[in-house]
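Both of the next two complexes hold subunit A, though its partner changes from subunit B to subunit C.
And then the complex of A and B:
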């Protein structure tokens, strides 16, 4: 049964990927730009899902890791003038270190407290950026001297490749022994511990992986946009969007999170003519999904097939 | 001189924080819900109060009444449309209810915020103070309204204390926060107790919103900040502990006022966040928390 499910999922994934690969032939640069941002968002949502769906830890501060990655990369680029790969590496390193500094004490806490600490981390980072405005550009944000590419199609390819690689690694991890142990420790930490698994170590590992991918995606996004700012990378509303995307797509599916992110970014763009009401409609839609299909879009589809 | 100013201003602000946080902690204690739409409900009350005074021409007292009524309606809507369906949903596993309530109320709060900004205004609104004039307390010029806000906050908190500890209906609330199963075994309908808690919460949040609008002014862009400050006060004081919330409200209120007067107004939110981190690491159950 599980193998069947897996192969069907694989089939769907290949189909979606095929469609995504030929899109640049038809679509305008504007639509490609929207999709590119959506793909980076997909990586954010997938790394969030690894932590929440599998490890059972609610991270309200995915943007803390994203912001660390993006700002470190941007500062290294503008101050030291290193090339983009080195900057992205620096961003990943700082997201990982910052994530570990946050997670090692925080994972001792249970229940809503872990989520709370991550939320506070975002607020502190936001304030720190405003206080050290001399280096970070403060509330206005900073421009990054280098950009990934000027061509929308090339940027689209970069983002798609990045999304696919991250999806394969994260999905593989979630289906590996580690993913199972994480799931077990998320659902019943006591029993997982009794079976001899080091729950804290595995959760810390999940958090580090989440930090690495979030930081990398944040740095790439900064180079794609050519700028880093609090409003586009760190603000709580961005964190909320990531969480909505992951829950919308379906928890514990990894791939659903990516679909949810692309859907959400697309919906935001389509509903732009509504002006102020845009956010209202998107939130209402997400709330409806949570109330009526708590397993999310992909989760709902898969479960229904399972029942048949 | 500045010291006295801080003492007087900090007292009123802290009293307002306390009133906002008490309702929040009551809901958590009784039904285990962290309501992230809290700021939204406060601002609904503030904006409806402002609207009925400025656009409909209601008097100061009746517009305050309309504001509180709107806060109550918003609290009922939050409970009946968002929280209860999630709690009763069979598709959501029990151990994940908490995160779904958090996400659901967060979305609901965003909906309230954007709806207010669209229908009314996204500028901060200020309600006419119930009392006008200025008195001098030990050389500090203080608006009468500020004194009234502080007194009213404490009066309501005192009434709540009397209600919870001295009346039968209030004691069921207390019992529900200690042992809900025991309460149902004694024949009490738990959903009715929850509804009572949400009614009290709605009035408290509505009053806090109206007073905030008459004292400092507030608007739809403040909802997140209001929720965050109530949340941090409640966690610092200890989730579910009313006296802890009061202590924490004063701690946070005075720290913020001191930072604003002595360092810089822009740094205002930072000490509260640092205290929050410190408390969560060193004493995760909060200053006066039980768990």
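And then the complex of A and C:
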């Protein structure tokens, strides 16, 4: 406990949370809306970091899991008319099952092939949605009958609470015995096995957890936006943004990934007046951080003394 | 003193492509016994360890732990069944403390046990104390000395309470004081009734520690018994030390060239905390054949890597009067310093011909064809195998291909790093005569790194002896036989199997 109180990370988190909690007092509905989306992206990025930073597997298709969650929730809502909690649950289940179907064969592969399989999965999902346009709304996307709330402030609270709960769980997992085994499996799988750990089993677990949180956040995001579409949830460019956010914030920190996501979404909005240049500037910024602080922003702040 | 048989190995065989790394090997280890598996670099002893641990799959044979065949089990299951390994190189968790690294080894293989049992912390602390890490428990591994890092690996093995402990060269890179401390730790394994398999290339350093020794050469068991018996056995001495020393010799024209083609001065190389080379100075004349002789781990590969610009170094390296420091590894190679690495680095999925063409891709077509014809004359077997995937070649053929590919680059200086590694005597003969032919037909400057003295000596104009990161002797082969021969050959330090016949 004493160590927890002394940890720099805890105080950074409390400070950030305090600022986030008072923001609705003076920010406009528009800015709150941007932050709300940023918080959901934060959960995407944290789930991704659990898999990459800890288990050492690069998942190029986080949006496969997000898309499964969001679209399942949206379809269940519009077709069956179930309430939002049930739809989110259905989204989680579908992301988990889809994720496992993908990961079980993919984790048998070594090296870059796992990443390639996940990348292909995104393209497959994207195509499936377009092909089954009758159910999914195809390229235009689909609207959901129910929304979380019409009030920007309420939506903001939902998103913030969701982010905080996910952050506590994911961060807790990363610091638990499981996180230790995962890191060992990611860094030196041969030695992890020689210590008696079934590396595949643990990586599969990490993938499942990542799928559950990605699917849940995807479903929540769909109900926040009142719609699900390929362009906002599944497209490869979204996947790339999530990856950049996690790396930007700091690999293997979980919390850094959330910061990175909010920063990235915020910067995108802030620089919108630049027009076409916007994406360019944000990308250049991300590139600079990755080149000069490979441990990411939070990683750099926490582990400055760590030898490479 | 010893108990029942813990580990039983029968008919173990492992092939890598055309290379037989382990051939029909069998042995037992009893509870409370230390078996030393000794053999030169490339004899297959590390592969044996990996086969037992399930990291590699055997092609044939049995590995029984307390009577149960575990030879096809996955590694983690073998580990849970009671076999622990201490790797020579490992990557600890960098962000966690030493204590947490030890705790890792104490955790159950469970997905649901999120909080470690409170006993884990207590146990981890007592293990840290036992191996002498008490003072640095809360440090991160990067703050540890080399010896302490090895202690941490030892601690992880102890934490697993293994019935059988596999130790991969536990003394490599350790100072004398630490060797003694590690010997104590290993003896304690024995006293606790564990079976210990210890792999080392040096009989002498483990003779006092082990109960029995098994000598491996080219994947086969060539002798087994008490350390002193094995060391004094005629057969082992013959096989281990090789036949009589011979100097084929090149005479005249060499030493009159005063110009140094390669000049190395005050070279130092560090890997983190380990010093690989210390104040090395040597030179090579144009057209000279210089051998650098030293045991596995003496620093030969580091020397070559520094010259090739592959590792950072202190000191000066000049080639044809040009300082190599500011050049990239690619530029060094283009300048004519070509290394033929120990690991061969062939493109396994390309044919023999494609590998050779890649080596000569900078040559104009006509001279490439000429070079190729000359190399095929030098290594006729490569001509026969032109269309074969290089991965499927035997070890000796792969080595010839590696040398031929390096020669395609028309090197000003050819550096051969342990070309004899893991090769059968008959291949050594072929390689040796090819080298001789090479030197007779074309003026080539060669720097050879070898632990096999009988291979290194015959061609050499001059010899350097590298020991523990330093050059300890320099001279002609004739003087080597007279002066170093006694030191090197009356002492059963690791020298590879030279001529078996």
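Keep this in mind: the second predicted complex is superposed on the first by the 298 of 308 C-alpha atoms of A that agree within 3 Å, B and C clash if a C-alpha of one lies under 4 Å from a C-alpha of the other, contacts with A are read in each partner's own complex, and residues count from 1 in each chain.
Throughout what follows, a residue touches a chain if its C-beta (ideal position, glycine included) is under 8 Å from a C-beta of that chain, and two chains touch if they have at least 3 such contacts.
Because the structure is predicted, anything quoted here is derived from the model rather than measured.
The superposed arrangement places subunit B and subunit C in clashing positions on subunit A. Contact with both subunit B and subunit C is seen for A:187 once the two complexes are overlaid on the shared chain.
In the superposed pair of complexes, A:149 makes contact with neither subunit B nor subunit C. By the document's definition of touching, of the two partners only subunit B reaches A:286; subunit C does not. In the superposition on chain A, A:28 makes contact with neither subunit B nor subunit C. Here subunit B and subunit C are compared by how many residues of subunit A each touches, and B touches more. After superposition on chain A, the subunit C segment that clashes with subunit B is 333-341; the remaining candidates among 117-125, 333-341 or 423-431 show no clashing C-alpha atoms.
On subunit A, the patch touched by subunit B and the patch touched by subunit C overlap at residues 187. Interface residues of subunit A, counted against subunit B in their complex, comprise 52, 58, 105, 109, 111-113, 115-117, 120, 123-124, 127, 130-131, 187, 236-237, 240, 243-244, 247, 276-277, 279-280, 283-284, 286-287, 290-291, 293-295.
The touching residues of subunit A, when paired with subunit C in their complex, are 172-173, 176-178, 180-181, 183-184, 187-188, 190-199, 201-202, 205, 252, 303, 306-307.
For subunit C in complex with subunit A, the touching residues are 53-55, 74-77, 79-80, 84-85, 87, 90-91, 93-96, 100, 103-105, 107, 109, 111, 113-116, 140, 142-143, 156, 160. Across the complex, subunit A is touched by residues 34, 82, 85-86, 89, 91-92, 95, 98-100, 102-104, 106-108, 110-111, 114-115, 117-118, 122, 224, 228, 231-232, 235, 239, 266-267, 269-270, 273-274, 276-277, 280-281, 284 of subunit B.
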